[in-house]
Each structure stands twice: as structure tokens, then as C-alpha cells.
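One structure is given below, represented as C-alpha cells, and several questions about it will come after.
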Amino acid sequence: MPIERDARLREVQSWGDFFRFAIDAPALGSGAKPGQFVMVKVSEGTVPLLRRPLGIHDAGPGGIELFFKVAGQGTELLARKKPGDRLDIIGPLGKGFTVGATPRGQRAFLVGGGRGIAPLFFLARELVKAGARPVVFYGGRTVADIPLRDRFEKAGFELLASTDDGSFGFAGFVTELAGRELAKEKPAAVYACGPDPMMKALAAVTSKHGVPAELSLESVMGCGVGACWGCVHRIRNGSGDGWVKICEEGPVFPGERVIWP
Amino acid sequence: MPIERDARLREVQSWGDFFRFAIDAPALGSGAKPGQFVMVKVSEGTVPLLRRPLGIHDAGPGGIELFFKVAGQGTELLARKKPGDRLDIIGPLGKGFTVGATPRGQRAFLVGGGRGIAPLFFLARELVKAGARPVVFYGGRTVADIPLRDRFEKAGFELLASTDDGSFGFAGFVTELAGRELAKEKPAAVYACGPDPMMKALAAVTSKHGVPAELSLESVMGCGVGACWGCVHRIRNGSGDGWVKICEEGPVFPGERVIWP
Amino acid sequence: MAVTAKGVDLSVDLGFLKLRNPVLTASGTFGYGLEFEPYLDLEKLGGFVVKGLYYKAREGNPPPRLVETPSGLINAIGLQGVGVEAFAAKVLPKLRGLKTAVIVNVCGADDDEYLAVVEFLDKQEGIAAYELNISCPNVKKEGACPALSPRTTFDLVKRIKAASRRPVITKLSPNVTSIVEIAQAAEEAGTDAVALVNTFLALAVDLETRRPKLGNVYGGLSGPAIKPVALRMVHQVASRLKVPVVGMGGIMTGTDALEFMIAGAAAVEVGTASFVDPDAAVRVVDEMARWCEAHGVAAVRDIVGTLKTS
Amino acid sequence: MAVTAKGVDLSVDLGFLKLRNPVLTASGTFGYGLEFEPYLDLEKLGGFVVKGLYYKAREGNPPPRLVETPSGLINAIGLQGVGVEAFAAKVLPKLRGLKTAVIVNVCGADDDEYLAVVEFLDKQEGIAAYELNISCPNVKKEGACPALSPRTTFDLVKRIKAASRRPVITKLSPNVTSIVEIAQAAEEAGTDAVALVNTFLALAVDLETRRPKLGNVYGGLSGPAIKPVALRMVHQVASRLKVPVVGMGGIMTGTDALEFMIAGAAAVEVGTASFVDPDAAVRVVDEMARWCEAHGVAAVRDIVGTLKTS
């Protein structure tokens, strides 16, 4: 987990509030696994003080890609960076998705809501490499919230889109869409990232059908390295329930272990 | 004294740590008098918190010019601005130099040390307009500290330069240089801006020769509008000595009224 | 305006004083008000608190008097000012006409001087209330002031209340173990309201000279840096006192002001922000109005103390 | 390194403990140390203070546990941790080999638990000293803790000192009227050193939900925002106590650390900065060394308490 102080922003693509950064950072790209994240310094000064956690959207020997939505001060500052700018990034951090949970030849459902789609592109590529057949479910409030459709399709991934307002694809929650497909034919595994309500609903569906699910959780993070205990989520343990550090034991947890408020 | 929130940086010229900004801001330019200053917002956030006081380097109906040296965090941020960027500026503030102190046809000495040269360009122009004959003394530690030489000469002003290290012009303090000229033939008035030691030395020279001097003082400023009492300097009053607000009664004071620590 | 274009009622009633809106400017950051006339319409403010007044004119502290810190400002002005007589003769007449609440920040080197200031000002017209500044950290050694103990607070407030013909808002110091105890002492002594917080006693060091950056060694920290602590203190005090609380500390925006009101402040004061933007206080009023409109809040006073802590 | 390439001696002697250099990491911001091994060489630190330890494992507070403020961070972790037994079994063995001072931050729900922790740890090897955390604002209601009164401070420190076979550094709270009084109480009770400051009790409000932004309502403010107040307190305490002072609060750079030492700190702790840069503490050591070299300071200890205030 190096500190890459000389990462270079190579390419920026944006759709409204959504941004995709291609970053030259060999040290980060090589070791990365899907579902892991990085901590990005967004300000040179003390406002905001902390780094921002962002999932690894894609990775290779040359570096990594990020995909983020402007949510506030930090991502707003990050969005102003221009190609050629230096970035200060720590990672890869955390434990990722279990690619191996989907045997060769079998189907895996990847369910992403809004910015939660970010880590699923990297995951889809790794699943294909492993001989699995990813099906991507991509949902948003409206069509503007699902800008990565083309990217997934160009990459040759099967993608089903949904919007709450019906402005594109299936009209309704992405969890409904995924639920229907899942009822038709069970996938070997479901991998998901998105807002808590979506994850909660999905956890219900998958457990009902007895399909193993892996959920990537979010929280405000202090250190990202397991030192501050600031990023906890309620998780079922052998020993019982407890506040577990998302940055260290997560961000990905088995659906049945996640306890929702 | 308007708040010009939509001033536009038109042109940037720089020499190492020194920057000249030409700014479109009609509301600021029209009313300005030489020796007055403006308060410039340097950060969108809370670090640094306060505006920075900068003298008016030149002014006209279209706007103003600033000339500054990077001294720390605020001027460092300011120096990053690019042509086209918006600037948030309050001014013109304070009382300026008394152009009328130099009668038509007579000579005035303008003594500037380092960044202190800033307000003297505007002053020289106004003196010429009033039919006076400004002689500019421009000093710095080394040649790199006196980048505005050409500008003054191109504008047709008589300029005598000095450097402490002798790398350009007279070798020694600008106050010595001015002192010698002053000993030869007294000017009607001396106007000065620069570091305290220079001002102090100059005040001594001018009072020795009985030449009226006007000194532009500096201080950290909170409000720039006379409300915080944060910018005081020791000044002789009819009533006696006191801490006087530089932003309101100054920044320019008669040499004999200024009390040095 | 007391009622916005879209019909939101911004007025607040402190009992002893009705304000057009809850936004005042903080003492020492708004001069005598007049300095700001070029930048804002004083009658758009709920009111303003003038610079701390002693009976006699004061020299103040040697410079430097100001130093910036991350998201903060330390000041050690030392309450330089004109004294009550010059204030009454030169300043007050110009303020009298204004349709806004003029509050005078009352100071004293000892209890007698506080009393003298109040007795003198009681004879003047055009003052809405006194803000009793028992909490300035820049006058006595290491920030000593009456607001550091319930006993001295009680005694001074009691004496001033007995003498004053005007409402008294007691301004408290954050440099205490229990600001609730001090506030309660002021309430028992009969204060009409409490204002908090004054500045935090602070030090900045110049590494190169190995000297304090301020002429007075210590100074008072203000600005956004202190807001979270000020907000906590306002919440603690407001949830226990009967008299209204005037909240301040790092308010830069309408959002900041509304947070203080939700925490329990019946009104707020804008301080350091006026240095950054001379018209900041009016901007705060406008932002507050817009938020109420957008959130269907009919009267801003309805949000006071609505913080849900469970 | 104790002596830099250019021959600057960074070592400091607290009397009871010699440190390679004056830079420690602050409790709760450096985990159990091991989390940071990928990012820095623990043996380049003067030492590190591990996360606060209770006798029993603790749940901690419900999230959200962190919220940022201008130049600051409010935390309400609530001292979630593994408890002494797991610490001794799983963590301590890994730390024992390290050539750096390992200091354990000792906590307790009551005096008996503090004592139990010390008695248990006294039986373990590989601990250089105890930092007695009597000042955590996130455990009891509204930040109640022993460090808020000289009496409770004296009693607890006295009891711990009587029992402990190791040096005790008492960690003080800034949420007090007179930190000098509290520090003197700790000194009279026999503490070997004092560490200050812990966090400032603070509140952040979410305007939209009208709820506190932290699950625990109040939390502790740290980071650059608090540095000027922390520096003032270190100066006040160091100029009056005989025992050494460990200073902290918003230290991000070597300059910050040196300012604390000039104000009187014999050593410093780097806290929140380690979140921003996991290797911040080592960077602080390097910057400190470079400054000494550039300014002809032969031994960094020579600058301790050299602030000229007149």
C-alpha cells in the first residue's frame, strides 16, 4: 500500500457531476484488486483536512482509473484537476470482492447504483478474465445518473439499465430489475455497490433466493488504514455483532453479515 | 469604496516572485488616488481567512493595476490567478499621497524599496499630470528586486536605481542615493514606500534637510475599513502620540508624524 | 426586512427587544457601525453591537494586533477606543436615526468602571440594550476576566442590573470548564440574555524570532476554527437557561447562523466574517431567508432549539 | 536517528525516558502502531502512543464517528478497542522488538478500571511509560472526565502513581478554566510528566436533518484549528511546572512542532496529521532536523522554552 505522491492525472472525462480520471501511477495499478479503494488528497491546505476514499474503477500496470460524483467540497476540488496535474494517492486499500465466488462459465450479477457503479467495471473485467459471465445492472434516479452505460457496452459487458423516473431502461429501482432476473435464473453470486437503501433491498432479495451477495459499503473515513476506528459499520461476527472497520475488513462484506440500522 | 466582486484579471506579467496584474474593474479605477490601496480576496475558503492589502500600482477608467511580491500564503495564491479569472476586490481605500505638495514645475523625489515601488508608478503619473517633475529612486537588495525599471523608463520617468549588492546601479541603500541627490538640490517633496528600516532612514534624511516627506506604511490588516483597530502604527498627533489606524488615516503619513519603534 | 418577499417571517422577540431579524454584528468586528455604511444597509440588520466601550478612551495593545491561523484569526486589540464621552458626543448622534437596534458593548477595568459606563449611557438616548463584556481575554494578564468565575459574574451582573435602565445581555467567555455554571450565575443575577462566545485565549509563535506573533503575547481566537466548540457551548447553555441566548463564533454563512439557532440561539452575531466581506451580515440574512423559503419554514423563530439529540 | 547527518542532536531526555527525537504519535491517531508500518519506519519516531486501552474490550459509539470542520476534525469514536488482555496477547508481542518507545494510553470508566489496566500492564514487558488519559471527552455525558477538576485529577494520579512500576504521563483536557491548576494537581500527585492537549468538546449540526452530525452528539475537536489554543496552554503550563510537558494540538509540520517546543514542550505528539499523511510524524522529524541544521541549532533540546515574551 504505497503512498503515491507523484501520480499524474492523464485523462479526464466528465458527464455533469460525474467524472472519470485516468491516472498514471504504476505503483498503485499493479497490485490492485477489484473492490479495493484509494485515499486521495483533495486539498493542499487544511480545508478539507482529510483525504477522500474512492473505489478503484479500473487498474492496470500503468495506473488506475477513478469514477466519482461531486458530493461536496472535497470531490468538488478534485473535479477541478486538469490533465497533467499531480495527485497524492494512498492505496490500494481494503479487501476487495471475491472474484472466485463465481465459478468459470457461470453468471454473476453486478449491481451498481449511481456512483456505486465505480468499482464494478474493474470487477467485471476481472470476472471475465476468470472465465465468469458478468451481467451488470446499472441504476440511477434518472438517465443523467447512469453515464457509464456506453463504457460497459463498448467493453462488451452485458448491461441492464434502470432509472427511477423511467427516463431510460427499466422504470423502477435497479434492485427490482435485478430481482426479476434473479428470479428467472439464479446467478452464482451477486456483487453490489450503491446507496444504503439499495444495498439493504438487494440483501433481502439475495438472501430470499439464497444467492451469495457481496456488498461494498461506504462511510466517512479518517485514516483509511484501520487506525482511527472512524469508519465502522454494524457487522455480524462469529462472536456476535460489532462495529467493524470498513477500511480494513471491508469495504466489501458478505450480504448476510451486514446489519442495517 | 465599492466591493468589486466581478473584477477580471486581464493581464499578468511576472519577474520571479514579482507580479503585475492588470485588472478590469471600472468601479475601482475611476475614483482611485495614488497611495490608496485595495483589499483583495486571495482564497475562496477559510485559509487564509483575510483579504490582503495591496497598493494601487496604476489606475484608469477601465480598472486598476497591482504590483506585488509573493511574501507568503496569500500572495502565493494570488500569484496563481490567470488572465480571465474573477477577482473580488474592495477599494479604493485609505488616504493617498498629496500630489499637491509638489508645486508645478518643481521636483519631487519618489523613493521605493522592493515591493514598495508599487504605488509610486501611479503617483509619478499623477505628478506629471499636475506639472511636477518626479524623480524615482528605486532600490532593492539585488537586481532581481527592481524589475520595474524598464516600465518607469518607458513611461518617460527619470529613474535612479540602487542595489545593496551593487549588481545594478548605485551600490548601497536607496536612501543613501536619494540622500546624496537631495543634498545637491532639495526637491519640493519626498514620497516613499518600502520596508520600515528604509522609511526610518529616509525620514531622518528628509527632516535633516527640512524637506517634507510622505511615507506609506504597512501593517497586517483585518478589515481595511477602519473597524477593527488591527492595523495601528505609532503616530504623533496634536493631542500627543497614539496608535493610529493605517487603513483609515493612512497608509500615507507625513514623515515627521511617524514614530518608529 | 422582517418578512421576506415570499412571506417568511424573520423577526425574533428576545422579550426585552424585538429584532427585524436574528442577525446582529459582533462587537469589535463592526466598529461603530458607520464604517460599514458604504458596504451595506444598516437597516437590513437585526441590529449591531458597537465596539467595546470603556469609560475613558484607551490606548490598546502594541502591534502586531492580528495574526491569522488555520481558519481563524487571533486578535489582541486591547479594546482601544474613544471612551463614553466621545462616543456620546461624536458617534451616538449619527446612530440615533437608524431603524435598527444599536447595542453597546460595555467594558470596564473594574466593576466600578462598568457601572460608570452604564450610568453615563443611561442618560443617553438611542441605545436598545447593553452587551456586558465580562469576557475580553485581551485586557488583563493571561485572559483574566469576570466571566471566568460564577461568583464574579454574579456580582457584576447583579450590580449592573440594579443600576441599568436598559436590558443587559451578558457576554460569556468560552475559556471555562462549565459555561453552563457561568450562564446560570448570570441568569440568577438577573441578566436579560446571554451572548456567547467571546474569543478563545490563544498564542501564535514566530519560529524565526522565537517571539509571540502578537505584541500582547496572548490574544483571542475567532473565526470558523472555533465554530464547533462555540456551537456546543450554545447548545449546552440554551438547553438549560430560561433567558434567550445570542450565539456566535465563526458564523460566515446563513447555514452557520441557522445551525446556531437550531442548537438554541434566539439570535446570532456575525463577527470576523465582516472583515472578509464587509456586507457578510446582510448576506447571512439573505441566505437565512432563502433557506426558510426553500424549506417551507414560515417563521425563522420556529427553528430555535429544534436540534434532535435522540 | 538521534543525531542527523549534519550532526544535529535530536535526542531529548524526559528524565524518566530518553527519546531518540522529540516526536511521538498521539493516541488514537496511530492505532497500535502496526497499521503504519507500510508507510513509515517506526524506529524513526521518538516513540508512539497506542490507542486508549480499557481493561475490557469496548464497543465504542454509534457512527457517524467523524466529521470535518474548517481546518479541524471532530471525532466521537468512544474508545472502541480490544481491551488489555487481547492487547497483551496479540499486539504487544509484535511491538516488543521495536527500537522505539512504546507508550500505552491508559483509560478507565472509573478509577478502579484505570488501576486494573495499570496493574495488568505492569506485568507485561515492552512498555516504556503510561499516558494516563483522564481527558477523553467522548465517554461520559457532555465530556465529563477526571481532568476537569484538580481534585479528581490529584486523586486518580496519586492512586496510579502508587501502583505503577512505570513512569506516568498525565494527559490533560483543554476544556477547563485553568489548565495550570489541573497540571499542578497532577504534579503534586507525583506525575512524571503532563501531556496536553486532548480534544475540545464540540458539536456539529446537520441543518437538513436538524440532528447532530455525530452519533454521540458531542465529539472532540482536533487538528490545525485548535493549535493556537493548545500552544497557549502548553506555554502556560510549561512556564510553571517542574515536570516535562508533552505538547500537541494541530501539529502538521516541523515548524508547528518547533513552535510547541519553543513554547515549552520537551516533546510533542503528532495526531490528526497521521490521517492526512500516514508518514506525517517522520516528516515532522525530518523537517525539524533540517530547520535545526539551517539555523545552527546543535541540539534541538536547547530550544525548549526559549520563547521571549518581553
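For reference, chains read A, B, C and D in written order, and residue numbers begin at 1 within each chain.
Basically, a residue touches a chain if its C-beta (ideal position, glycine included) is under 8 Å from a C-beta of that chain, and two chains touch if they have at least 3 such contacts.
Note that the structure is a prediction, hence the values are computed from the model and not measured.
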### Query
So which chains count as neighbours of both chain B and chain C?
A, D
### Query
Could you state the distance in Å from the CA-based centre of chain A to that of chain D?
36
## Note on the structure
Between chain B and chain D, the Cα-mean centres are separated in Å by 47
#### Entry: Per-residue multi-chain contacts in chain B, two or more chains
45-47
#### Entry: Touching two or more other chains - residues of chain D
70-72, 223-225
### Message
How are the chains arranged in terms of who touches whom: line, ring, star, complete or other?
### Response
complete
### Task
Could you pull out which chain A residues touch chain C in their complex?
45-47
### Query
Taking the complex as given, what residues does chain A use to touch chain D?
1-3, 41, 46-51, 90, 219-223, 225-233, 242-243
### Query
How about chain D: which of its residues touch chain C in the complex?
69-72, 74, 142, 148-149, 175-177, 200-205, 207, 209-212, 217-218, 221, 223-229, 231-232, 235-236, 250, 255, 258-259, 262-263, 291, 303, 306-309
### Summary
Touching chain B in the complex, chain C uses residues 28-31, 35-36, 38-39, 51, 59-60, 62-68, 70-73, 75, 77, 80-81, 223-225, 252, 272, 274-279
#### Entry: chain A partner contacts - residues on chain C that touch it in the complex
70-71
